[in-house]
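Across the two complexes that follow, subunit A remains constant while its partner is subunit B and subsequently subunit C.
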Partner chain A sequence: MKRYFSIYRRLLMLNYHRVLIHKADFLTGLTSSILWGIFSIVAMYILTSRSNSVFGWSRTDLFVLVGVFNILIGGIYRTLFSRNFDRFTHVIQRGELDGLLLKPFNTQFALSFWYISYYGLVRVFLAIIYTTFVLSAAHIAITVVSFVSFFILGFFGLMVLYSFWYLTLTCIIWFPDLYNLIELLYATDNISRYPPQLLGAMKFAPFLVLFPITLIVSVPAKALLHTVTLSDLLLLVGIALCLLYLSKIFWQFALRYYTSASG
Partner chain B sequence: MKLYFQVAKNTWDEMLTYRFNFVMWRVRNVLQLLTVYYLWLAVTPQNGQIFGYNRPLILTYVLGATLVGSIVFSTRTQEMGDNINNGDLSQFLIRPFRYLGYWFARDIGDKLFNLSFAVGELAIFFLILHPSLFLQTNIAFLLLTILAVLLAVVMNFFIGSLLGMIAFWSPEVWAPRFIFFTLVSFFAGGLFPLDILPITLQRIFALLPFSYLGYFPIAIYLGKFSSTQLVQGFCIAILWSILLYILLSVVWRKGLKIYSSEGN
Partner chain C sequence: MRYLRLFSLYFQNVFSHRGRPLVYVSTYVISALIYLTFLQGVFHQNANLNTWTLSTVTSYYFILIVAAGTLMMHPEVPIFRDDIEKGELAGRLLKPFSYYWQRFNIELPVRIFQGVSGAVIAYLLTFIYHANLQFHLTFFTALLAFIVILLAYFMCFTFKIILALTALWTTEIRGAQELTDILVTIFAGYIVPVNLLPGILEKVAYILPFSYIIYYPVVAVQGRLAIQTLFSVIGIQIVWLCILGVIFHLMWRKGLMQYSDFGQ
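Right, the complex of A and B next:
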């Protein structure tokens, strides 16, 4: 574990140097990240301007939901993982996974943590300010309990999202040309910014596989709104741990079928 | 013309080759369609109005935005930047067709393929969900809608090509393209009708090309414009198409002068 922390510290430094070299990249990523954050808030504002409640969530609840989405997914997840998953197809299709398999550390770690998009941290910061403002305007106190609950549930929410992406993208081992799978996963992320009841309203059984996605943002948001229940907590933590274990097992299984670029 | 038709057909065949990949793209689009549809269904009162739109109108707008988006925004012009950066443009310059004509033909092949699936998906959508929608019966409005969509296709092609030609000056093409499409997804009316915004913003958007890529065709279909507004809208859209074409021609000529065929 100490070795992996040391490797990750080195990766943080290398990615920081990359930002200094490719400043235009950083500025572009930052601009589009902030724009997406603003659009998500404006869209929610417009959607709720004539309704006091949507799927049982009040206007304040929905604004907090959007804020938490921007913290967890738009900010933290995009910072730590998105760029790594974006290159998944590339790595497998071009046989670059060979080099990662030969390295003296876990391949899943190498694939998941290699790149860091620092511009996402700005969005996290702005989203925290926005969410704090919404909560204070609605006179909802941020207590130590709600903050710690949010932090822990946010961590498990991110674990669900990471595991879901990793499980799904592992299929690229068998279908290396499936680069649109990443586009599909970005679309599924977007569902998490709306109440979980939206998935139920769709009444389309295959979409039930997306049920874990609906918990990623909603449960931590409920922690801030003081409405989280024990069943929410147990469901999120249980699903997170199961999915993480499955992603690891499935990846190990899939590697047996990896045939490199010549396969 | 036969040559460009063959290019479009090859693009169609290419998409059929990677079928599963294309299915993923369509599943993504269906998911987005259903998300937006059920959201607006939840916020729109059954017998009331929201921003001057009753339920059939707003749901028609949402579905129309999806259909128009699948036609207008499906494009191959992102490959132009790679072509220029890795020197493959050299091969095209010695071939007996126009480079931009080639990419337009590829765009048409891509759009027709996406359109055929979008129509099928919407048909299944209607059969299963029976949404209450607005059906335009005025032939003039229907024809004008088609004309507006064709103008949007041409404008989006010019814009996409301009973004691709940034490659003549910079290896980083994805970044400006990414920001542009982030803005377009909002300002083209993909999320909500632009006429719900304050009147000052509406007037500004009416002068920019973005609203003609999505909102304008759908609003024509919904009968939202008077004759004067239709004429004004089409004049502005045609003017933007001409301006973009002139700009594209200038950028293409200047780009070719500095093109060094690196990597080839």
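Right, the complex of A and C next:
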């Protein structure tokens, strides 16, 4: 474990140097990240412009949901994982996984933590300011309990998303042509910006697969809104641990079928 | 004839990699269903929203899936990545086809495939949602709607080519591409139909070209536009197309002067 922390520290440094070298790339990423953050707020403003509450969530609750989405998924997840999963698809499609399998450390670690997109941290910072503003405008206090529970639930929420992406993208080992599967994952992430009840109203049973995604943002947001229950907490933590375990097992199983692309 | 042969070759290519366009269509389906379901929640409180009912709005989002698959293309991605960044433009310039029509031929089979897949999915969704795809069309309005769709296709294609050509000066278009995607999502009618946008956003949507690429073709197919409105939409589309055409020609001529490549 200590060795992996040491490697990750090195990766943090290397990625920081990459930012210094490719400043234009950093600025472009930063701009688009902030623009998508603004978009998520504008989209919610448009959708709620004709109603004060939807699926039992008030307009304020929905704006808090968007803020938490920008902190957890738009900010932290995009900073730590999204770019790695972009690479994940190409590594498998181009048959470059052999090189990683030969490296003297865990392949899942190498595929998940190689890149860090530092510009996402700016979005986290802006999203925190936005969420605090919405909460204070609605006179909802941020207590120590709500802050700590938000932090813990946010961690498990990210674990759910990471495991869900890993599980899905592992399928590329069988279907390397579907490297754009990641686009579908970006689209499914968006469902977490809305109340979980929305999924039930979709009337399409296969979409129930997306149920864990609806918990990622809504449960931590409920912690900030002081409406989280013990069952919400247990459900999120249980699903997170199950999915993480499943993703690890499924990856090891899929590796048996990896055939590489070399001749 | 040679364009037809080229088209058939590219169509074979699309068909052999059919999983990829299907994934893109699935993203349109998910987005459309998210927005539709959210609006259904709003409709539980209001039976009518600015001439829209639950059934017409459901039909709108299902047709939107087909429109997004067919009309919202992304030629700027391969142009930027392959032609400009990797320098494959030089090879394309040597081919006995105009660059615009080469790219058009590559894009068209993808759009047809995605459009047909989107139509099949939309049709299946009508059973799941117990909804009808509503088309209140006469022969004449159907003809006008077809012209609106055709012009929308050319508008989108030319606009995206222009976006890609900016890379000849900047060598980086990702920021502009993201900005365009956001503007398109808001103002083309992806989130809600344009006449449901609040206040100033609705007015801006009518000024920008994006609603003429997605929103108007969808409502034209639904038969929600009077003949007079259809003519005025076609008129505005032609104006936009002329403007985009002039910009494309100017940028192409000047951009090629900027372009540098290296070979062996």
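We adopt the following convention: the second predicted complex is superposed on the first by the 262 of 263 C-alpha atoms of A that agree within 3 Å, B and C clash if a C-alpha of one lies under 4 Å from a C-alpha of the other, contacts with A are read in each partner's own complex, and residues count from 1 in each chain.
FYI, a residue touches a chain if its C-beta (ideal position, glycine included) is under 8 Å from a C-beta of that chain, and two chains touch if they have at least 3 such contacts.
Since we're looking at a predicted model, the values are computed, not measured.
Asks: Look at where subunit B and subunit C land on subunit A after superposing the complexes, then choose clash or fit.
Replies: With subunit A aligned, subunit B runs into subunit C, so clash.
Asks: Touching A:45 in the superposition: subunit B (first), subunit C (second), both, neither?
Replies: Once the two structures are laid over each other on A, A:45 reaches subunit C alone.
Asks: For A:178, decide between first (touching subunit B), second (touching subunit C), both and neither.
Replies: Both partners.
Asks: Touching A:144 in the superposition: subunit B (first), subunit C (second), both, neither?
Replies: neither
Asks: In the superposed arrangement, which partner chain does A:230 touch: subunit B (first), subunit C (second), both, or neither?
Replies: Neither partner.
Asks: For subunit A, what residues appear in both contact lists, the one with subunit B and the one with subunit C?
Replies: Comparing the two interfaces on subunit A, one with subunit B and one with subunit C, the shared residues are 24-25, 28-29, 31-32, 35-36, 39, 42-43, 46-48, 50-51, 54-55, 175, 177-181, 183-184, 186-188, 190-191, 194, 198, 201-202, 204, 207.
Asks: Help me check something: in the complex, which residues belonging to subunit C touch subunit A?
Replies: 17, 19-20, 23-24, 26-27, 30-31, 33-35, 37-42, 45-46, 49, 128-129, 172, 174-175, 178-179, 182, 185-186, 191-192, 196-198, 201
Asks: Which stretch or stretches of subunit A touch subunit B in the complex?
Replies: Interface residues on subunit A, with respect to subunit B: 24-25, 28-29, 31-32, 35-36, 39, 42-43, 46-48, 50-51, 54-55, 175, 177-181, 183-184, 186-188, 190-191, 194, 198, 201-202, 204, 207.
Asks: Show which residues of subunit A lie in contact with subunit C when the two form their complex.
Replies: So the residues of subunit A touching subunit C come out as 24-25, 27-29, 31-32, 35-36, 38-39, 42-43, 45-51, 53-55, 175, 177-181, 183-184, 186-188, 190-191, 194, 197-198, 201-204, 207.
Asks: Write out the stretch or stretches of subunit B touching subunit A in their complex.
Replies: Answer in residue numbers: 18, 20-22, 24-25, 27-28, 31-32, 34-35, 38-43, 45, 50-51, 172, 175-176, 178-179, 182-183, 185-186, 191-192, 196.
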